[in-house]
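By letter and in written order, the chains are A, B, C and D; residue numbering begins at 1 in each of them.
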């Protein structure tokens, strides 16, 4: 089952700056061979369910390993069986109607 | 790794009433032996990462199998390594300070 | 326009324990006369759009005032025009089908 | 109070294709003079709290007006008082550390 996910991992108890944790997670996602797109409030990910979820788990393990005692993560995830849809399809389906 | 999750599965393309899908998901979560608490905008779940995530995947498969062509799900998930915390702990830590 | 909201306010840069902030927000919501239900990963709120949103803004101002330099909040919010639905309706529409 | 928001509005009861609703909302956000960035699972918005929230309300009103009987929206919203931060700052703070 293919999914498109929006992932936002928030380490708690480590101060206000969290970009180094986001970077570490981004490297995990890339190393997993997942298609990703960083934006200002999270990262979009496209891939097979099990691979994406395994990467999310690795991110939590990594962020804890870097010293964050607590993590709260917000995820949006979409699946569909009527047709194949990529992240680019989702954006262009909107942009095409914007004229 | 133990997690506390807030899960909200929205089937799309099936009309406005989604309670039958929520019921089906709730049965999957219970059958998986997970601790759950239904609320007005989702379901809280407590359990081991892999077991909870496997159940969420089963919910998506079930909801698609019931006829929903598309699903969008919102998840909040928390992990912590500084101490053990249950769903009841989280609620009572607030209620204890409410006097 | 009436809404049902799920609100989860996360203060950042203040350590791992956030229950005092949740308590402060809960008091704001109650003082605003809003119907609320605390759960393990947030608070459900029912009320008129403008009143609920004004209370959410007050919560952010309060949490910053208590010393949190940064806040990240996750909100789910539902509106419907086909019929009136309360938080209790949403829960019971599921529970009624659980037998 | 300035905010950065991630907004994802899901019309229910209107079928699987929702891009026309996203387009209508995007036009409202632009007409409100807000800075926006569309991505594959929502739209990032930057602006003053009251202006952003007024636009979100207009989006709900518009989507109902277009025929959607029910809407469920997921919002992430961030505020900070320690320093000014734009959407571009958030992305570049990560990208700068990606080398």
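Methods note: contacts are C-beta pairs under 8 Å (C-beta built on N, C-alpha and C of every residue); 3 or more make two chains touch, one makes a residue touch a chain.
The shown structure was predicted, so the numbers you read here are calculated from the model rather than taken from an experiment.
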Request  = Taking all residue numbers used at the subunit A/subunit D interface, answer same if over half belong to both copies and different if under half do.
outcome  = same
Rotation, 0 to 180 degrees and nearest 5, that superposes subunit C on copy subunit D via CA atoms = 180
Selected pair, greater C-beta contact count between B-C and A-C = B-C
Key: Inter-centroid spacing, subunit D versus subunit C (mean Cα positions, whole Å)   = 19
Note = Note: subunit C sits from subunit B at a C-alpha centroid distance in Å of 18
Ask   = Distance-wise, how many Å sit between the C-alpha centres of subunit A and subunit C, to the nearest whole number?
value = 25
Request  = Hunt down the residues of subunit B that sit against at least two other chains at once, touch-wise.
outcome  = 13, 16, 69-70, 72, 74, 76, 78, 80, 82
Key: Complex contact set, residues of subunit A against subunit D   = 4-6, 8, 16-17, 19-20, 22-23, 26-27, 37-42, 44, 46, 74, 76, 78, 80, 82, 87-88, 90-91, 93-95, 97-98
Note = Interface with subunit A, subunit B side, in the complex: residues 1, 13, 49-50, 53, 57, 60-61, 64, 69-82
Key: subunit A residues within the subunit C interface of the complex   = 8, 10, 12-13, 15-16, 18, 69-70, 72, 74
